[in-house]
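Look for chain A in each of the two complexes below; its partner is chain B in the first and chain C in the second.
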Partner chain A sequence: MISDLFRRTRPRRRVVPKLRRLLRSRVRARAWLALAPALLLALPAQAGIVFTPHLSEYSRLPRAPFVEGTLIMTQIEEIYDREGNEVPLGEPFVKAGDSTDAALFLFKYLWIGNLFRDSDVPILKTRDQFCRMIGVLGYQQNTGRIAARTRLFGIRPGSNGLGDLFGLCGIYGHEHQWGPLKFNGLLATTIKFPIGDYDQDAALNIGTNYWSYIPQFAFHAEAFGRLYVDGTFAYQFNGDNDEPSFGGLTPTRISNWRNLEINFAWKFSEHWFADIGYSFRESVGRNGYDKLTVNFEDQPLAPESACNNTNNNLGVEVLTPEVCRNPVTQQFYLSPKPGPYEDRGIEGHMLTAGIYYVYRTSSVLQLRVAQPIRGRGSQIDAEYYVCAIEPCNEQTSGGVTTPTTLFGVQEAAAVSASPYLELRFVHLWWAP
Partner chain B sequence: MSRGRPTPFQVPVKASVKVVGKSLWLLGLVALLGACAPRERLLPALGLEVPRVDELPQDFEAPLSAQTGQPMDGFGGGGGGVERTPVIFVHGNTVSAGFWKPTREHFEDAGYSQDELWAFSWGWNNARYLDSADLSVQSVQRMVDAVQGYLREQRGVAAPQVDIIGHSLGVTLVRQWMKQANAWHRVRRFIGVAGANDGVWTAWADTRGQQRPVAWELYPGSPWLAQLNRGNEVPGGTRYMTLYDGSGWGDVLFPYPLEDSSALEGADNLAWNREHGDWYGHLNLPWEEGPAQAMIDWLREGPQVPEVDPADAPDVALEDGAEGPRLHADQEGAQIYCRDDGSDPGLANTEPRAALPMQPGRLYSCFAHDPQTGLASPLHRHKAWQGEPAQGQRPTLTIEPAGGAFEQPQRVRLRSDDPEAFIVYNTAGLPLSTGSPLYDPEQPIFVAAPLRLTAMAVSPGGQTSEPVTVDFDISLELVEATRTLQRQFDPSRPLRYAGDRKQGN
Partner chain C sequence: MRNPRGGVALLLAVAALLPVGAAQAQSQDSPLPSFGRYKPLYPGQYLHLAYTQTDGDEYFDAEGERRDGALPTYGPSALPREDLRAELSWHFPLFETYALPFISSRMWRARVQLGYARTEAEGAVADFARDESDDEATFADDLATEGSGLTDLRLALGTYLFGAPSSGWREGRSGPASLLAELALTVNTGEYERNTPVNAGHNTPAVHALLGLHWSPWAGGFIDAGLRYGAYIKNQDPTFGAQAPAQVGDTLSWDVSLAQRLWPGAYLSIYGQGFDRESNRYENPRFAPNPPTPPPGSDAIPAPGNYRDDGVERRSIGAGFDVFLSQRLTLGLHYTRPISGRSGQFDLDYNFRVPEGCFTDAVGCTLLPAGSVPVDGLEAGRALAADRISLSLRFHFLERDTFDCVGCSS
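Right, the complex of A and B next:
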């Protein structure tokens, strides 16, 4: 079989040395293949959004069921690369201006109570328990030229539907008081059930397709009855994703994360509060990409595509017209080396600011803006086989490869540099 | 598969797993909703007993809660004898007798015995069903009866009076009980901790749902509170103390301008946080050492009366003398406290006197008090004839509206055919006396809960009408909720409440 394949490819072998020379030219380092779609992104740090603390998020709230609806809207026009630079989405392959538009609706149901009150069960009898379930509905769509470029890879540019399910239970600590300062801690564990809609052929997915387990310590403090501080440290263990989407641009080995968040709120009256917060998320180690398959759908590729992709988008002539018109490069095929690749991990820093209106004791209406201030996204240096014939692989390429830098996509890899807007409504059942 | 790094989950999410996952989603949702069911329903469904504050003596017959119909759990009677006036703790909304355990420790440290410290879970103990003062007046009556009866029968202590400490809703509840039951003489000292005596900002007049009764009671400016406070905020033979935040920032229920809502005019008011620079909150205020010690010190004042025979309590006597009728105490050394302006006398703000001549046509509200023992009489009302005494017929009384089911609170008017008669009533289904709340024709009775209104007219000279009793059913949601919860104890109870819905007037 192998020899047969070798024979069939032999007639085209004459092309290869020229291609090799061509591809090993100065453009090698320029990622000329333009495969890197730099398309994000799907809900940057979805889990980060879910767990960004709000006013009194971790205080010992009344024993009651609460419901919460949160609408999050963002138009992602910039992302962070691995150097921490803000990069317009899609550049250099499409002009800036298009975006990934995303809207998330989070439905949260929170129960606080103490099933063991008045009992003799140690620890639990005096410490309230809580459970929370978070369901997600999402809409995500790449726009304009980004969507068009996505289709070059045979990838759907967006997806909508049900997101992953978050289930959380925990226990409050006792409240401690030193003069005007009150403090309580809590311990909780969240499990993310990967039940959300997930399509390997989509550029954006509502679901993540991997499990997460998030132990969390949080605290709430109040000073002088006016200053409210809520903070948390969470460590997120992430499972693997053996079915990456977008041609393997979602990591298969997702690194664990650590989250650190703190929120300061000021009480103006019983009805009005304002807050500012800081949220930090960092991967512990590197993400791994083991199943890279992203490729142009229509092959073979004409040499013009290489010239256009490179010269037009970089704005400099790196491929000479002679090369572009060279008859030996009438057509060629590309095929990625599946991996393994690793990125440098991701990091995100975000500031939030919001106002709250408390209607009676039962309802809270909140408007909040989150602005990323620093970050680092996932990028990998992938290798593509360059072949004159199909199938394109190591043998048929004769070892000719070209490097390219690809952005990782979705929440485990991409970090948005664009702000998002959050509209939140909380209702306490049974309140007067 | 793990490739060099262990992960907690190695679950490839294939299609079948997705199906399982979505099933888990539904199961989880159902479980969470189940967890929100009342604990009294959930735990029995799981074959478990609902935990209770089970610290009452075996031989103690627990009184029934007027709201739940179930025996109240609680603590007290654990031994140690009775040397002081027994203390009954009355908790607030949505909690149980267990609320008072931290406070009990301070009292025990101060020498109180378990026989002297009592508490009962009088409400639903569930945030889903807020409690109500009007609906629990009889619960307080029963717990006081039960404690006094137990100490009398099992400890041989008469305990004619008790001290009561109420917290939050427990404050207005106890005050309402003392007023409706004319029971001030049974309470030596009363401490109201963080009570909504002038309202609480979390209650609203147009509240919907099961919480309407308590919201109608306690919203700032509510007619119910006006009714409770009318005619003296510290009436009867009881001494009053209040303990509260006062800063407007410590207790989130009483921000400005309600920071002094808990105070009572004529009481020993202690705005603890404001005066001591502390920041105790609504719940922990009575748990902390300083406030608890202040309560203990205040209760130590005055005569302790555990072993005085209730029969030794003084009373008000009416005597027809040569100069006309006069009121006086029936015991040597006792005094009477009287008012003749329609308000109620109180120890703290009424001048005591040995005797009081009655003026024709005036209504006197009086009680007797013995400063030596501290015992007092119930409140009595007397009216002298203006002119010649009428003979013969008893007065009659009409109530409008004459009961029924209503969605909104009602203003109820009472009318007697005898223009000289005064009218007394109560809304707790308790026996009437002349010392029951006095009806003011200018201020119709505010009925804001499912309750029983009983009233009678009293003519000068003391002739009374037949008591008239009507039932009001306000807040259909509460009735439905109550029946829903009670169905667990009595499955034959109809699922749906079928009361007639009428528009309020």
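Right, the complex of A and C next:
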């Protein structure tokens, strides 16, 4: 019985010549093969949320050490494409409803003092300095069908662990007062040390694997003792990432960013505050992708792979079932052109709102919601060779290729359109 | 000069300290049973470091029998683990000047817990992970053996339902008995390699509720008993081919200890602890070490679906000795011996796929039932039976109000 089935099974090699004939026609090949590689998901990760300003973030605080713990949680169900449209995560290749779940825990240590107060060093002797270290623990995980889908490419669907380390130092300006308004500025530079966990075979990473240098100007103002305004402009120089993850869907040449953020807080009492803020970031130029390798792990592929990635769950019949299940076209191979490719850059606009409770002048508890309002994510138009034999490359494909549009992933490329929740606790460890 | 009563209170406070996370991933719901762990402490901040080691070379099987090894379906294996865990905790009154009902009148406790675990599978399961011969044909590829790294982050906040009024906290006053209620959140930021049989982290957030009773029935004697309930969010990426649960069963764990002062500064304790975990759910396991042998021209593939074990449980007993090296520093040694338990196991259905490697939806590709094979539940599905030994160091620092109030009147 079983052996009968074996005998009835047609040897695969008979399929190949027929497939070759089929592939001779680029038009016909593209008609259905193009759908196969275009299955890669947009997987955003932690956004530029480490520096989002809070109440009195840039005010001249007392000389003391401060510690801060911030827990950020999000469930990313939508992202922005390169046209600025909100796209359900995973679509069109899996049905909407799954997500990328992420949690970040930021531990910040801030020191404020003046190392030069007893010296004659100009400028510094009269202005306090500050340094801050930010450590990150993170969790990012694709869920459900999205996670299952990443495994088709031999990719791990998530990651956990230690993030990059941020270190910054700066100097406060003098405080000025004009009537009911008082304000100060500051200058700082942040370095992002790429020490975080990073796995090239992961769809999501806690670490970024590239350096960043971020000079920053910021200010703090108070009016009438009620309105608190904190704002910053930062320019982020990003290094290259020669080891992109997720098969090269993280950019290798990361564009620099402009960051602009402002936050307005209102003091209701000594203990209660509320704020709203606006955050903007934009890449300066385009991200480059030079090492695209993402591909199906198990090949050759059958047409039903294409069908499963298109017809199913879409409610739209792209291919007829007869084509999908045609045993004549049993196998083909795909291989990506590694690049170079470029996206159109990214952009993100976000509103934040939160409440604060100040407890006994030494602790602050804050709850914040952040809602993206507009954005543009990274996408590239990649080319895949289509072959009937292995290895699949330009020669064996006979020049047959199929285009596909791929989303860039991780913080340098993907822009979340879903809100996040932030729970923050600031504690003055020792009283000044 | 400190008054004697304050000194005693401080001594007890340092001694009591806080339950530190458990030694093994499987028993994270059970704390290290330090004596006085549920006692309301003198205000201040506390650091508790604990090192725990287990060979992971014994287990309780699904029928409750103690056996050598760790994963019987793989063959002789071990899952050794070393944990170094740090816990920072605060005891404080909250909103004490506001006279808020329930909140202002009692003491509170907050904890942050983080650690590092070194763990690597050994023996037959490690050999299986390193074997690349079946990588092409199965999903058992890219497997690894080491899951060391940072453990999950745990945040907890609790209050004393009785026995620790906020009115006397500055003097360290508390009654002979107290009851702590605590909620905790596990944030799964720990290392999780997804392709290893052991991991430092768990990849699943969890919430925990705890009731902890402390009673000092006589001078120098301490009884502590805890009951905690843990509920877990779905693990979206269970490790090692999904042989770990996708949905860990709700877990009820308990611990009870009796400690007695032998001489000033030295305490001997005996304790028992255990947990009962409801049935774990395993989702679409992708391989097993013992698949049925396929006939020529076919291969064996697991049938996707949800599988369940019959629950996991373990009971342990142990003894501890704590000694004060100074007024603020305590050294503790604990030895724990699991005495009974039960691991999770499920029967994974298999199909023969004909012809070998065909696409299951394609015309001519046939699936034939191939029976089932037993699979050992990993991680939360295991009840290891190996002894554990723990060395802990506890330090009380910043003896003062946790929340400074510069310029406050109270």
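Heads up, the rule we're going with is that the second predicted complex is superposed on the first by the 364 of 432 C-alpha atoms of A that agree within 3 Å, B and C clash if a C-alpha of one lies under 4 Å from a C-alpha of the other, contacts with A are read in each partner's own complex, and residues count from 1 in each chain.
One rule holds for everything that comes next: contacts are C-beta pairs under 8 Å (C-beta built on N, C-alpha and C of every residue); 3 or more make two chains touch, one makes a residue touch a chain.
In this text the structure is predicted, and so the values were computed from the model without any measurement.
Judged by the touch definition given at the top, the superposed model places A:Arg344 against neither chain B nor chain C.
With both structures placed on the common chain, the touch criterion links A:Arg374 to neither chain B nor chain C.
In the superposition on chain A, contact is made by A:Tyr359 with chain C only, not with chain B.
In the superposition on chain A, A:Pro157 makes contact with chain C only, not with chain B. By the touch criterion defined above, A:Gly144 lies against chain C but remains apart from chain B after alignment on the C-alpha atoms of chain A.
Comparing which residues of chain A touch chain B with which touch chain C, the overlap comprises 360-361, 430-432.
Across the complex, chain C meets chain A through its residues 95, 112, 114, 139, 141-142, 149-150, 153, 155, 187-192, 194-195, 201, 203, 205, 236-237, 284, 295-298, 352, 354-355, 358-359, 361-364, 366, 368, 403-408.
Interface residues of chain A, counted against chain C in their complex, comprise 2-3, 5-6, 8-10, 69, 71, 101, 103, 105, 137-139, 141-144, 147-148, 151, 154, 156-162, 197, 201, 302, 304-305, 308, 324-327, 330, 359-363, 428, 430-432. In the complex of the two chains, the chain B residues touching chain A come out as 1-5, 7-14, 18, 21-22, 24-25, 28-29, 32, 35-36, 39, 42-43, 51-53, 73, 94, 96, 98, 121, 125, 127-130, 201-204, 207, 209-212, 214-215, 247, 249-250, 252, 255, 277-281, 284. Within the complex, the chain A residues that touch chain B are 62-65, 109, 111, 113, 115-121, 125, 131, 133, 135, 165, 167, 175, 177, 179-182, 193-195, 198, 209-213, 224-226, 237-243, 253, 255-256, 269-270, 285, 288, 290, 340, 360-361, 429-432.
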